[in-house]
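Lettered A, B, C and D in written order, each chain numbered from 1.
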Amino acid sequence: MTVTRPSERGGAVWVPVGPRDAAPPERERRRPAYGPWRALWRRYRRDQGAVVGLAVLATIAAIIIAAPLLAAYPPDVPLDIIALKSQPPSWLHPLGTDPVSRDVLSRVLYGGRVSLAIAVLAALTAATVGTLYGAIAGYAGGAVDAIMMRVTDACLSIPRVLLLLTVAALWGRLSIGGLVLVLGFTGWFGVSRIVRGEVLALRDREWAIAARALGAGATRTLLRHILPNVASPIIVAIALGIGNVILLEAGLSFFGVGVQPPQASWGTIMQDGADQVRALWWLTVFPGLAIVTTVMAVHAVADGLRRAADPRSGYGARP
Amino acid sequence: MTEPLLSIRDLRVTFATDGGVARAVDGVSLDLAAGEILGLVGESGCGKSVTAMSVLRLLRPPARIEPGSEIWLDGRDLLALPERAMRSIRGRRIAMVFQEPMTALNPVLTIGHQIAEVVRVHERASRGAARARAVAALEQVGVPDPDLRARQYPHQLSGGTRQRVLLAMALVLHPAVLIADEPTTALDVTVQAELLALLADLQRRLGMAVLLITHDLGVVAELASRVAVMYAGQLVEEAPVQELFARARHPYTQGLLEAAPRLAPRDGPHGSGGRHGGGAGRLRVIPGTVPPATAWPSGCRFHDRCSAAWDRCEREAPPSHAVDASHRARCHLAAEPERRAALPVALTGSVR
Amino acid sequence: MVLGAGCGGSGGISAGRADAGGTIVVALAADVRNLLPAYAISTQDQMVADLMFDRLADPGDSLNTVGDRGFLPRLAERWSWSADSLSITFHLDPRARWHDGVPVRATDVRFTYRLFTDTTAAVPAASQLAAIDSVTTPDSLTATFWFKHRYPEQFFDATYQMHICPEHLLRGIPTSALLASAFSKHPVGDGQFRFASWTPGSALELVADTMNYRGRPKLDRVILSISPNYGAAMAKLLAGDADLFESVHPDNLSEVRRRPDLTTIPYDDPSYGFLWFNLRTAKGTRPHPLFADRDLRRALSMAIDRAAIVRNVFDTLAYVPPGPFPRGASNADPSAPALPYDTMRADRLLDSAGWRRGSDGIRRKGARELAFTLSVPTSSKTRQQIAVLIQDQLAHVGARVTVDPMEMPVLMQRLEGHDFDAVLQNWRTDGAMDDLRQTWTTDAVRHGANYGDYANPTFDALVDSALTTSDPARVHELLHRAYTILDNDAPAVWLYQPRLVAGVHRRLHHAPFRPDAWWAHLADWSVPVADRLPRDNIGLTARTTAQAQ
Amino acid sequence: MRSFVVRRLVQAVTVAAAVTTLTFVLIHLAPGDPLAGTMDDPRIAPSVRAHWRQVYGLDRPLPVQYVRFLTGVARGDLGFSVSYNEPVIAVIRRAVPNTLMLAGTALVLSFAAGILIAVIQVRREGTLTDRALGAISLGLYSLPDFWLAQVALLAFSYWLPIFPAGGTIDPVIHPYLGPAAAALDRVRHLVLPAVTLAALTAAWIARFQRAALLDVAADDYLRTARAKGLSEWTILVRHALRNALLPVITLFGLSLSAFVSGAVFVEKVFGWPGIGSVAVDAVGARDYPVIIACTIIGSILVAAGSLIADLLYMLADPRLRRAEGDADGGATSAVAGA
């Protein structure tokens, strides 16, 4: 679903008619000159949901950064494997303890770091790969483009979870870096299609042609002239990607592919209680709520960004 | 003047925008008599379309019709009617034709369906009967092969045919009032002429009142019996068509006439061809643009574009002066006719 | 069609026995894989095989594997040994019939033996039948097993490893086509329950064989209600949709115990779990840099608080075994020596071996860190949990353990390739002494399951002697010496033997649970008429109509 | 039209072939052994396993296995499943109807619910209802699939035992039920997984549909409709929705892939024996031919989905139809269609 749309960047066309009125009217004159980012932020700020989302996200980020200060217990160390195993929520352990007597709250706090770090890194990886791939396809056009896009079609037609499980199986075991790479390299198809569409639309604009006419090479035209104009859809894609990766990381943990014990991520905490959902419900419910809150905030921010960057666009696809 | 069919009283419409409250229509009063064609003219942004939409209450938030406004039809204030009652007026008593024939029709429904729909919502007509009425309406507006057309979709029709379809849709229930908002603007010239002739013909046959909104004085000259000129949310001049073209009193009206190609009212020998006469070298433009509706100028709203303006114009908003029984103008010049003598020739109202 | 006829005739018998009737729904947490007894590997498969197919004789509740003491007649109503003990002659019960009405004959026994030992069939139990030279059939009801040599467990092997299969239905099928054959989807057995239907992923239904030579089971039917995972199976028990679930997790026990309609029955599981050190790496070509060192292995063993781990993971439902055997197995030795949990000694041992703690608390000897990877299968929550506990406990003595959960197929490949540091493994045994040979002797490095490459000739010799000695006291002594060596060498840390708890609906009058097969006496279970649920009263005739659909 | 369909089919087959090869290579490169099911029992000798490997051709070099697999596929033989002990085709034939039933129900539910939510939101745009529904769909949209499934199970099967905890039918009594009761039994089992699966997609569709409706909200033909005296609901449903459905139809194709992904989790949690759980189990068991068969089915589903979406789009948008009489507006229609 590539969205091609009229660019807002052209600004208002205001052509004075007649000799007497060469100066713009009062209102226009008073408006200060905004940079594109300031303008984006101004539009973003108007969106209540997006602002709330950003605030929630900032709070979550602050909490997990401050995890060492907030966590009452070490996240990875069993406290008392007999007396404190599988305790339901209580004053001392507000989110309960897990089967090896670790404090779930502490693990959720520390696990957030892992989950979010993986999500951010994987989304950035996906965006980088997807941008490069899409830019090359879009800029090259023709047969190259057709073949490259056919490849992404093929990749998109494999359900991502299955692809992930298969690729994860290749490794046998995944370090955090491996997880980031696997999640990143299976998540760029969507981004590449967006970027490709934009680049295809932009490469024949006058200014791009002008840049080439002035002797800029393809790489330079692409990097310096075209890509900056694709920035906002890419940023939106990164934001959405972060949300998706958080969900996927949890999903992979559900199938036993996740960070290595004893380290916690939100997904692996849930996994620790996955076959005892009934008896140890707190292990599933609380990390799940953390995920939902975070992903909701991320999506709200992504929505806000998209609306701010492009007020008329629809919603993208969830891979 | 006979009892008006439709009477707009002190209509005020505001829009809440980021830049403040825009007073798009600011105290317009207008009467439409049965069987007459009233031309409502003005530049874009002067409030004529908003006025038209207000009559059918088609405005959507953030537009708001201010309390105190009244629109009377059949002895009822439309603005006070509940929505359900208003719905029974739309399309049945008052119909409207819009200016964009390309987009005003729903692309995924057949022509026949869209016309028949009007019949079906207002009368308890069967599907078949409504359909027959639709085909008849198409025939009435001169669409050839109406049976086939009724089965087609808008994209299969030309622009002119689509405008005829819109007209058929508006007229299928023989409304008392037709509001035509720039009905021919988007069409090319020959098609425009045909449609205007059709509109005039239908108006005569059906005896309905037409509120013809246009920025094209040529169209007004051809069709209308009376003209109202709007500027900046207000009615600035109102007169029978001959009178207005002969003796425009408001500098804005005069400017419009100056800016248009050579014009003559309909009953002249030129007919529609009159607009194509020479005089291109004498065309003038009104300097500046319509100011934003959030910040109408103080005093006379036209003063900053008016070459005849003096200090009073900036200070004091002119009331609507009666020039004679059927001619009104909102200009201090109407109260101080002596100043007119000092004006340049171009603004004295003589039109070659 | 044959089945229909059988059922039609059964109505009268069913009606004639007032106490007959009732349905038991057994919740399974995994699907049945295969209905051919020859390939029954998983517990579910074995259960189905045991219920539908009979052996020549059954070890009985004593689970003795030596000689024929305690064995009960099944298809063989009696048997006799030759004077030199090199052959055993089984006399078949003339009443025994296949469920299609054909009598069970000695040729079926011979056919089964040949099938099980046919290399192209690759039947898992083949290696346990290796000591049998041949099976002859002097007459239609007599089968004689000829052995290559004498050994204490020869009767056990001859009877326990094989469910007798019907020659007349399997004869024409090439061994490679067995698994895909119609018989494998619709088997015809000779046990007290006959096959009714199987919908993979959903249910497998067995019904009473009313004409069975051992008598009609009291229950009408056994339905195995299949769930894909533990949680769903447990839910079925708690929802009353199932009558029995064989292994209630300790975390769910309190809930089951609170239920007035359920009762819990603990029983031993014939398996043991252990932390397995790999003594040789690189496909067994050179000593493992850490675990080739016996002192290191001993130190790590003493650093693990097995009692606490077992308590954490199994609550009170497991034992810490002193050696590689479950309780009650023929090779069990409750008095076998076991290294104590003693972190001080572990620390001293490591210190003296030159492992010095670094500033990070991890021990090093020269450039080498005391660090290794502990592999666990992702399919086992229990072992993953134990791995985390071991990781924590070994950290206290300065060892850095990386827990590496891996999918079972990967773990399998690693094991077979002798390519791992340490693994948490769980062996399920049949209680025979021969298990020891197949798992811990040098011979098993190449031909068995000794993937950790433990090799000690003295141990091998002691096991071999024990396996060929018939005097129980002598066997015990030999085994005790073998276990002492094993304890000394510490090739593994013996961690747990689970005790399972079955949750059972109270209306069922159950017979004793046998560790190797809780269902061994299922034919004796019953449901008092007064307590019956609607599903108990379906009757046997209903099945025929359902079958006709 | 026909050539279009043929072209798309050829494309789909090409993609499926590429995907299959890719999967084949990936999964065979992955470490692991399909005979792991035999692992818990030390009595199974290495020689037995070696023999089984030979029987299944697992001891051959990869290219040889690939050629064997391809010739099998050419003959319509998808191979033999090690973990199910039966031909792959039997496994697939059993699983596909279950998945179709689940995904089909969820598909209908999600589109119906998603569109309804969007229509209500747009009708009440800016009100509390709109915001609440918006927040709910954002929330649903942000849920991990398996978590929602687990929580639904926890809530409606464990804590409040309204629905069964898994499976497609009650295996014990189903064979003995009358047709009506049997149907009810199926429905009872279908509710939780279908609603769970539908909820996530419904949220996505609602968000998309709402945006699409707002996109057309300013369109002129709606003003025309209003001027005709139609009620707001009629305008919304008959005029706005008819147009705003067009972009949503394209979601249909995309959603199939989402459904397959979602089904993987939901089927696992609810023990629904469909293609999703078969696929996951097969990956876990390294049951190569089953994995590949599932991938083929997945890509066929996705290709079919996008083809159906395109055909639906054509059906729904008269501008894309080759109409019978273009006498008057041929040129215009070309422009309008472009």
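We adopt the following convention: contacts are C-beta pairs under 8 Å (C-beta built on N, C-alpha and C of every residue); 3 or more make two chains touch, one makes a residue touch a chain.
Remember, it's a predicted structure, so these values are computed and weren't measured experimentally.
More C-beta pairs touch across one of A-D and B-D than the other; that pair is A-D. Every chain gets a centre from its CA atoms, and the centre nearest the mean of all protein CA atoms is that of D. We define each chain's centre as the mean of its Cα atoms; on that basis chain A and chain D are separated by 24 Å. The mean-CA centres of chain B and chain D are about 54 angstrom from one another, to the nearest whole unit. Centre-to-centre separation of chain A and chain C, using mean CA positions: 49 Å. Chain centres here are Cα averages; for chain B and chain C they lie 92 Å apart.
Annotation for chain A: residues touching 2 or more other chains are 169, 172, 277-278.
With touch defined as above, residues shared between interfaces to two or more other chains in chain C number as follows: 229, 231, 235, 378-379, 407, 410.
Residue positions of chain B touching 2 or more other chains: there are none.
The part of chain D that touches chain C in the complex is made up of residues 31-49, 51-52, 55, 80, 83-87, 94, 153, 157-158, 161, 164-173, 175-176, 268, 270-271, 273, 277, 284-286. Note for the complex: chain C touches chain D at residues 23, 25, 33-34, 39, 41-42, 119-120, 122-128, 176, 179-180, 184-185, 197, 199-203, 223, 225-229, 231-232, 235-236, 238-239, 241-242, 378-379, 407-416, 426-430, 435, 438-439, 446-449, 534-535, 538, 542, 546, 549. Of all the residues in chain A, the ones that touch chain D in their complex are 1, 49, 150-151, 153-154, 156-162, 165-167, 169-170, 172, 243, 247, 250-251, 254-255, 270, 274, 277-278, 281, 284-285, 288, 291-292, 295-296, 298-300, 303, 312-315, 317-319.
Of all the residues in chain B, the ones that touch chain D in their complex are 56, 58, 87-92, 95-96, 98, 100, 102-110, 114, 117-118, 121-122, 145, 148-149, 152-159, 161, 166, 169-170. Contacts from chain A toward chain C in the complex involve residues 77-78, 81-82, 85-86, 99-101, 169, 172-173, 256-257, 260-262, 275-280.
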